[in-house]
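Following this line, the structures themselves.
First subunit A sits with subunit B, and in the next complex the same chain sits with subunit C.
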Partner chain A sequence: MTDRNRIIIVGAGHNGLVCAAYLARARREVLVLEASDRVGGAAITREFAPGFRVSACAHICYQLDAGISRELKLGAHGLKTAHANLRTVALATEGDHLVLHGGRLEAGLLPDKDRAALADYHDRMLRFARVLGKQHNRRPPRIGGGGRSELIAAAMLGLDIRRLGRDPMREFMRIAGINIFDVLEETFETPLLKGALALDAVLGTNLGPRSNNSVLTMLHRLSGQATGVTGGLSLPAGGMGAVSEALAAAARAGGATVRTGSPVASITLEGDRVSGVELESGEKLAAGTVISNADPARTLLQLVGARHLETGFVHRIRNFRSKGMAAKLHLALDGLPGFARLAAQRAGDRLVIAPDPVYIDRAFDHAKYGQCSPDPALEITIPSIHDRTLAPAGRHVLSAIVQYAPFDPRASTDAARAEFLERTLGLLERYAPGLRRQVVASELLLPADIEREFRITGGHWHHGELALDQILMLRPVPGAAQYAMPVDGLYLCGAGCHPGGGVMGAAGRNAAHAVLGGERAA
Partner chain B sequence: MTNYDAIVVGAGHNGLTNAAYLARAGLKVLVLERMPWIGGAAVSREIEKGWMYSNCSYVCSLLRPELFRDLELARHGLQVVPYGGGVTITRTGDVLGNYTDEDVQRREFARHNPRDGDAYHRYSTDVIRQCKFIRPLLLRTPPDPTSFKPRDIRELIYLGREFTKFGEQFIYDTLRFYTMSIADFLGEYFESDLIKAHLSGSGIIGSAMGVYSPGTAYVLLHHYMGDVDGSIGAWGFARGGMGAVSNAIASAYKSFGGEIVTDAPVERVIVRNGRVAGVATANGNEYRAKIVVSNLDPKRTFTKLFDEGDLNPEFVKRARNFKIRGSSGKLNIALDGLPEFPALGRDNPLRFGDIHFLDSLEKMERAYDDWKNGTWSKEPYLDLLIPSMTDPTMTPPGKHFMSVFVQYVPPKIHGRDWTDQDRDGFKNTVLDQIGRYSPNFKSLIRHVEVRTPRELEDEVGLTEGNIFQGELTMDQLLFNRPFPGYAQYRGPVKGFYMCGSGTHPGGGVMAAPGANAAREILLDLKRPSLVPEGWQDD
Partner chain C sequence: MRHKDHFKTAVYQTPFHPRTSFDLTPMTKHRITGKDALPFLNRLITRDIAKIKPGRVGYCVWCDDNGQVIDDGTVFHLREGDYRLCSQERQLDWLTRSAHGFDVKIVEDTHEVAALALQGPTSCAVLKAIGCTGAEKLKPFDIAYFPFADGELMVSRTGFTGDLGYELWIDPARALELWDALFDKGGNHGIRPMGTHALEVARIEAGFIQAQVDFLPADQAIRIDRSRSPFELDLGRLVDFSKPNFNGRRALLEERRRGSRYRLVRLDIEGNKPARSAYIYDSKRNVVGTVTSAEWSPSAKSNIALASMHMPWGRPGDELWAEIYYQRELKWSRVMARCRVVEGAFFDPPRRRATPAADF
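Here is the complex of A and B:
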């Protein structure tokens, strides 16, 4: 083999690019192969109607690891923020909207009790999220099977929890496995506030507010802010694609090669170890190490192939829960929509339609049985307010996550899509009268569309549910959670690994460290 | 006014167990019971003349064998008769039976789906391994993971060692098992929707969660970890109804010199100078003791028995927020003959076990949706048994007693209290479902006792009618049960203890909480404890 030293990364999603950049910095020969004609995977900006550009999947940046931005000098590579520190506006059908900023109420009316509880709740959750955030940059420990270093790593995790102090630790252990519905019921009175907070716990997941584990997903969302992302919720200038472009620039600057338009058909093996990849064009590329940014099922079952793997492992990969639940709506508008009783400068914030937790729970009930929610919950941004490059002058783009749309054949037909779009527009119209007439073009991506367009099995943004049974040393599957797969030379670096998705980059960096560490050990 | 060493509030099976161990250690013990009879939710009552009803809990498996032997319950009259069978009948008349022989069971599964037949062995091995892990923990006091006391650290190390002794894969399986939904868990083994529905019932009984709710896989384990005569996962009838369990424990307690007073509802725990001094009953009596043990559920204990001023406000909040949602109901039916189930044919031995009418997981989840929406399930999950087929002492000759456990039944109907009309509506829903599978059933009905959460709360004293005295979810298990920091049976006031199912290891007529609480009390009194600890014969 002539190319034993080459490392091939399959997929130029943000994690693949982060991984490439770190390996390139370590002066390794890195080749990134991307199927589509553009880097970014699910963190891209694309034109969905003439002149209108939008972050096609992820649309708010809230978790990008501060260490990664600094170490890879993303600022120098062109990453700018169009707007930092978005507020969350919980939209009300009547009466005042609530404008929330962290634990503070900036506008709207809440009883004193809720106002105090909100500050307390936010502080408490941030502390817990920090425990999770600390794990992001670590390789998850193996329990019971590894040597000394694994024991130490496991002990570190235990220590982080103990360091919370006695009462917070008890509270953490109590709420880690329960549902957001109960926690909010215990804490607050105002339905609108509870609804907005509940949405944070279920966005992008297969959970309703009443499903256990939903507190954990909320903490995962918060963990980015908790570990010191500057600016909290932010919109990158040029959309999420700009993050990927900056990462690609950083990787290239380090010496990595990024090839787009090169879909990988298979990962080739020689005996028990990887030998390279074969492209759909038939071209064969040799490599001693292959790192896949694709999701676990696609990587192992399609690109490697189940016949090369042990049956029990294949079984576990098949059972990795990865069905998406969120749809993405893009609207091209010929003017700024007028949300009732909302000041124009607030329309650029993160707008939330989730009147109360029961509303969200009802929306979820339909999805359980394979139907899109007739009354969905929404997270809306109008990024063109802050970033004039996204739409022609005077016009705007609206980008919304619409929850719930199950990854189910019954909910993926054209008729189902049309009906879901109709219901969602109707809902928006109720909050922003006249919006429908402003719509020039629209696009609704169901999980099935997301699977097709972004090549993510099941169309789940995180490549797989972030639930207690699929995090840390259990992600994606037990025994293969340390980035190295049970095929020599094969690694995973995507959101299907610890610590999951959300345009964070930690999985990519940890995978790079695992590859370099594995080489040192060999 | 009399002085006692310890007073136990409530003569449920756990209160009696607790009292028995305290009396056996030489303490002067008094058990006070609100009702004219003892037993709490483990009772047999002659509601219809000649018919003995197990009118709350109805089957026995979880009762700890160590306690059964140690208290010599057989000598005190308890006999547990294992029953076989059990079947799910579908709308189309298809059946899926339970068989004790593993190979027969495999073939039964294979009949519905060949791959599921193969998966059965894997499934039962994994579940039994989980049972083996958890069983030794049932009769141990949970450690406090935030504490640095030697005993807690020793116990944590013990837990860690137990946890790791089955190997790495088992650890991961366990972490997943405790957090998954029963539907996802079963989905990892089986393909047939009917098989999944058939097995998933154990994951929802008594809990306000649906088969798709994460956390329900553990509830299944809670129903599997018992045994009858060492056969893990088997269930049996207490001869004479579940009251036989309470009566046998009470008899053991009395043989140690213990005293029980019925018709004595405790109204208040008397607290003086920050420690308990005794109790006052509604009929004006006061009983003194430096130790008071509550067999009531944690919510009722701390919101009803105490003056709020005697407790820390944070603690009161915790007690109020304790999750104890009613989700179950029950029909107890006296029958003039044996109902026929055409799908089973005559003399089918499957009838001796639990009978269910199910088709799919989705149907079960929809039953939960009704609960969430504030009404009883329109197509409920029924766990139907005819104990009189196995234990003829329950009824007059040729007659039968049917026990129908119903999931889901909410504690309130659309936010308001149950009315008698609601109760009748609920009754008809259940009778109609049974009638659809058994044409002669309705004509045999002689008497029906309907138990909604309202009756369970009013008569048995279970808050919201929750049969486990608190949900079996992660936030309320092991060292979190009932509240983090209070899992070692000690209450927030010196001299006050808890011994009900609201404490570790939870409900299901196990008697373990009562025994564990006695161990802690005797430890505090620096007396030798004779309470068995851990699992001896593995």
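Here is the complex of A and C:
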């Protein structure tokens, strides 16, 4: 059968596209099938009000792998940045805001002690994040694998930790499993500083600053910068969708076919191996290899079906924690909002509302028990300041990640959404008086909305929580952490795999290598 | 009587202990029904359940994803799409967990069914004496229903002994009545209750393994080398790789490729001292296996054992020795006894399979 040579990729999220581009470069016949009518998954730009466009999910690019950008020539395929190096502004309700850039304080007031500690903290965390970052491009070791490559992979991880040196290594081991709240508490005094740093640890997670694992998630977030890949927080010109468009162009240039508007209903099997896919339209397409960019639960329980898998594996996939808590706010504004006491040239930076770690922890508490936070924590960008293509002249778009919103609120999703929007606008108004009157249109996506629009089960940023029991060789689940799933010819390539989510591309590339490696082994 | 409306002990008979009965009520029973009962069981169990037609019973094992045996038991295909799964250990958790994605209903009805084993050469005659006309026509692993009192008695030609025998299944409310009828009408056939020791002897003679004795259920094993695969329990015939998916399939394929770690063998041991828990040595005094079950067999008139051997030991013809400890008047002694690997059951009388079943 000639179709055995065909590789089908389910989903044109950025990881699916990276995977397609690498396989196409290796001269494989690749067909990408995307349910939505545009490529990119959670990395897209779309209109949410007439004339206003926004990065509808991911909005700041800080992890995109430099090797991937280079190898796939994303620049040549049209990717440009609107701003390459955003600062972080920790907004204060009264007094000075803090402007942070890497480990430096650029504006605002901090006691000397905190100022020194900040530089030291930043260096230390970057070193640790680098250990994690180094694993991103490696296939994680398989537990109990015992083979030579498994041992090498495990040894490399151990070696990277050892290479930190004795004291840093002890420190790494000490903090890796504890929480960001305690680490910040023992390092800094100023609540506003601690709040901004704590937010980095919990964005996109199901964690509060006092939850264990929150140091790990902070390191994961930093790991993009740590490996020096993009040099900081950037805004792609044209929004996040531009990254995906460039990836799609690279994949197509290599010979891959990308079809949008083609939702896959099921992954078909013949005996114990994949034989292709069936689209919702009823169309059947044969393939010897199927790689899914969809999340693990959707891929395995919905598209493959539990009955074709073994009980223990199904149980682990069902227990892969994947309920998101990050909501996304989009505002169409008829002018530039005026944040109190904020210099005009800073309004285009990354603005955070996280006055202190206890504030974030309280916000989390509500979500833990099924309510949206009455006083949420926010990460805000106004990309139209740097990118005039996003809004009509003189007008602006505000894009914010709002935490926390439970996946299944106690109230109905509609009621919860309305109330959360109201609370969030009220909060913004406190920081930017008059902002409410500038709002022409608004959109708030709760995790359940994100699940629906982006087809991410649970609406989680990383397709599933990044936690000690769900990372590296345990991601998504023990026994299937090498992109290859326990059905011959089936692979995963999305954020649910090592090294997790964020617009990075590493999962897609590693999966492509796993597929090519699997061909060699067979 | 412990459960006053259930059987206390049951009925078996061999030439040695004629006609015996044994209470199976505490054995775990699950009822599996619904549109997907067959695909559910086929994914759960290693053999092909589609081959067990309505009115038939099959012996089976089920494994975890690592291909290690969780338990063994019997599947009764009661009526089209309606199954009973019997096992020693409680399995509801595993069955429920396995049901995700299947349209099935699973209930544990251990205490809603009274069950009694009636085993031995005259067991068919006893059945006929209580009114199960035509019982002799049941083939091994057949199920039939007979009117009893004003209800129904289910009879299956199954059992945990290597002899002719049946298992009787009835509403607990009629259990006492059935017991009385068996002992009234079966008197001439020598019926009498049987205890666990007699059953233990009978099942080892038949070569049947038992959870917690000959293997540790995989879900209870903590150390990875403690559990066993079906191949390692000499149950490879119950593994059907032509099914595209079942629990343990991938691991078992891998085991078939790489080879097993252990094998279960039947040993005939010199002398008459049961080799319980004995180490098995090769000719150079290396430990190469352990006895899991051992008894003196009155039917085979030999000293028998089941043993788990490290590969490759346990081939017919291997020189093996059992280290047996025994007590005489409170003093312990030790003997090294020569072992012979036996193929097939120790006791396998033709009447076990003969249909129609004879009366004796």
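In this text, the second predicted complex is superposed on the first by the 517 of 522 C-alpha atoms of A that agree within 3 Å, B and C clash if a C-alpha of one lies under 4 Å from a C-alpha of the other, contacts with A are read in each partner's own complex, and residues count from 1 in each chain.
Please note the rule applied: contacts are C-beta pairs under 8 Å (C-beta built on N, C-alpha and C of every residue); 3 or more make two chains touch, one makes a residue touch a chain.
Since we're looking at a predicted model, the values are computed, not measured.
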Partner chain(s) touched by A:Ala340 [first = subunit B, second = subunit C, both, neither]: neither
Subunit B versus subunit C as contact partner of A:Leu109, first or second or both or neither: neither
Dominant contact partner of subunit A by residue count, subunit C or subunit B: B
First, second, both or neither for A:Ala441, with subunit B first and subunit C second: neither
Which superposed partner A:Gly479 touches (first subunit B, second subunit C, both, neither): both
Contacts of A:Gly305 with subunit B and subunit C, given as first, second, both or neither: second
Which of subunit B and subunit C A:Glu171 touches, first, second, both or neither: first
Intersection of subunit A interface sets (partners subunit B, subunit C): 315, 479
Subunit A-touching residues of subunit C, taken from the complex the two chains share: 36, 39-40, 43-44, 64-66, 94, 97-98, 100-102, 244-250
Residue ranges of subunit A in contact with subunit B within the complex: 142-145, 162, 166-167, 169-171, 173-178, 182, 186, 207, 210-213, 315, 319, 321, 361, 365, 368-369, 467-469, 473-474, 478-479
In the complex with subunit C, residue positions of subunit A that touch it: 269, 271-272, 301, 305-315, 318, 479, 486
Of all residues in subunit B, those that touch subunit A in their complex: 145-146, 163-164, 167-169, 171-173, 175-176, 179-180, 184, 187-188, 209, 212-215, 321, 323, 362, 365-366, 369, 372, 473-475, 479-480, 484-485
